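We call the chains A, B and C, going by the order they appear; numbering starts again at 1 in every chain.
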Amino acid sequence: MSDPIITLTTDFGTSDHLVASMKGVILNINPAARLVDLNHGVAPCDILDGALSIANCYRYFPPRTIHVVVVDPGVGTQRRPLLVSAEKQYFVAPDNGVLSLIYERESCTVRHISAEHYFLNPVSPTFHGRDIFAPTAAWLAKAFQTEAFGPEIADFVRFTMPKAKPAGQSVKGVVLRVDAFGNLMTNLTAEDVPAAMAASGEIKLAVNGKEVKKMVLTFGLGAPGEPVALFGSAGFLEIAVNRGNAARTLGVNRGAEVTLDLA
Amino acid sequence: MSDPIITLTTDFGTSDHLVASMKGVILNINPAARLVDLNHGVAPCDILDGALSIANCYRYFPPRTIHVVVVDPGVGTQRRPLLVSAEKQYFVAPDNGVLSLIYERESCTVRHISAEHYFLNPVSPTFHGRDIFAPTAAWLAKAFQTEAFGPEIADFVRFTMPKAKPAGQSVKGVVLRVDAFGNLMTNLTAEDVPAAMAASGEIKLAVNGKEVKKMVLTFGLGAPGEPVALFGSAGFLEIAVNRGNAARTLGVNRGAEVTLDLA
Amino acid sequence: MSDPIITLTTDFGTSDHLVASMKGVILNINPAARLVDLNHGVAPCDILDGALSIANCYRYFPPRTIHVVVVDPGVGTQRRPLLVSAEKQYFVAPDNGVLSLIYERESCTVRHISAEHYFLNPVSPTFHGRDIFAPTAAWLAKAFQTEAFGPEIADFVRFTMPKAKPAGQSVKGVVLRVDAFGNLMTNLTAEDVPAAMAASGEIKLAVNGKEVKKMVLTFGLGAPGEPVALFGSAGFLEIAVNRGNAARTLGVNRGAEVTLDLA
């Protein structure tokens, strides 16, 4: 069997010792672990951003991958640490909803990690990534005995993704995130955009008082400088500018409202 | 034989699921692959920046390394995906010139990746990094049978690096990039700077109406605050400020013109 | 025995070929090495920031880990390259004090790396990370024969961490760094804060003309928007804002003075 894979998703950034400490803890317990950095630039304390980040990539990983997801504003409070077994993979994360999209897409067994002998000792009240989540993943990767870590629970925290909503002759959505290119990922999906409209190449999408009129298959089919709509690789409607930056061109950021005109 | 090495260079940043998805795809196909992050901070859609990034480091890697380079503004359009065999290493990238400096320095066989059974299915029109380039690298790393991926081609896209140009009693160059220290990497090389001048420690380099007068061997030999010129580790003339930031001190950025006075 | 672990800490950022080149050199010499990125966002040329980064995480790593720490404003000058054997781990770094906190906490043998046959040839005057430190780590990871790399020395550079100082009825400290959340890590430790005060939950901490009045165990116990003090996971007193950004709320940055009122 190949070496176990442990991935890391956090909002810690990579300018100090935080992620580094988690890596050390994992390798110290399980030197065979293959560490994979997924994303340490989750918006600070932003559970939705963390949820989207892991949900948009986990399914590409091999069976038995263990994903550690630490976006944890409630660290050290009553919120529980969780070990989640999905159909083929594992997730270790705080019980704050950051795995909501995993629960939505997978059949999951959720455990409250309570077997303290796996934790670092003492456990710092401010850094469970290092003291609880990293050691749990490292020990789990030895024998994959999830039941050793704590009892199954049913009352874990989950939220529903903010969905686009019909409003008269239109659908109102929101910009979920802006990527490195300035592309705006909205929460509209193929269910919200009539297939005929998508196929026609014409759309009426209002954002920040401006209008996006063209629907294309990919970035390079927009005229340079012109905002266009397209379905991105994660299944959401995105607004982009070919060789430009849609966020800057349209003057919008995360959270901006988007209105699709169906008339 | 040791585990195959696959490196990743992209302009995706590391604040979302894009790079993460590529890693998942590679490990799912080839769990033995050793992933190495080279640079995910290539300037967005900037093919020259990507070309410089990979060209300045590939030769340090061991034989059989596979370099995946995804700076791909034309994703989903007619531009072809390429698999390039250099003398000892492999490159997987879009056919947009991002490997131009590799073609310049290595004897290469260039193939159009057309064997679709290696691709993810379906292939998204907006994310070939995940759906074409990552799986190609992962499958290649199993048996290194390049001919299985598609036919050799000769009409691949290549550009010539913008070279410094003589202009009367001077040479005109340009700032290619600014690094994390604020050092300005220009396109002037040892061929553009007379050896006697370089050895004398005196130089006349004009940039943004300011003058750089001193040529040194390394950063710490400049007086604090004073802009100096030196040959950087990639072979280009750089402008730096000892314990300072040349880009801020001189008020210039990428693309700024640099004039070397030969008189 | 498992594959050797080599970690990398630099101030190079990750937007070019610098870190990438070091990785290539290591893997070319020692393809079995497991590379672990610790932190490439050390503040440029900031030896104290680098010293804190490695000191706050090294002890979590397994025995025999080799830590490469390149914050090296004096590259190419007379400053020596060092190989340091601590009780269980190894450090490769320039002799400029970046390992000061390791010397303080571990019993160390310090060697001047002088065995030039391990270096890349030629050695660039501006990039010893690639040409000296990376190859040293890669060769060391083959047989762990430290004495082969050069003679023991005693006159290596070390500095003392700036400590908080009593000043009448108060203690004056400083903000050492700001993390990704905007939390302010000060140089005050549990020795500077009377235990009774820490336990009481009340504190009087002045920073930039503002006052922090509450001491809590963890971030989530502060009222939203309210600056609070707590002991962070690295043992230092930190100032944080629950689901906010203390640096922005208080208008301070690294280097700001902090006064703890003991009256």
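Brief remarks follow.
The rule is short, and it goes like this: a residue touches a chain if its C-beta (ideal position, glycine included) is under 8 Å from a C-beta of that chain, and two chains touch if they have at least 3 such contacts.
Predicted model only: the values in this text are computed from it and were never measured.
Taken as a contact graph, the chains are fully connected, with every chain touching every other chain. Where the sister copies chain A and chain C meet, the same residue numbers recur on both sides for under half of the interface positions. One copy, chain A, sits rotated relative to the other, chain B; on C-alpha atoms the angle is 120 degrees to the nearest 5. Taking the mean of the C-alpha atoms as each chain's centre, chain A and chain C sit 29 Å apart. Each of the following residues of chain C touches two or more other chains: 14, 37.
Within the complex formed with chain A, the residues of chain B that make contact are 11-21, 23-25, 27-28, 31-32, 35, 37, 44-45, 73-77, 124-127, 130-131. Residue ranges on chain A touching chain B, taken from their complex, read 2-3, 5, 7, 9, 14, 36-42, 52-62, 65, 177, 179-182, 217-221, 230-234, 242-243, 245.
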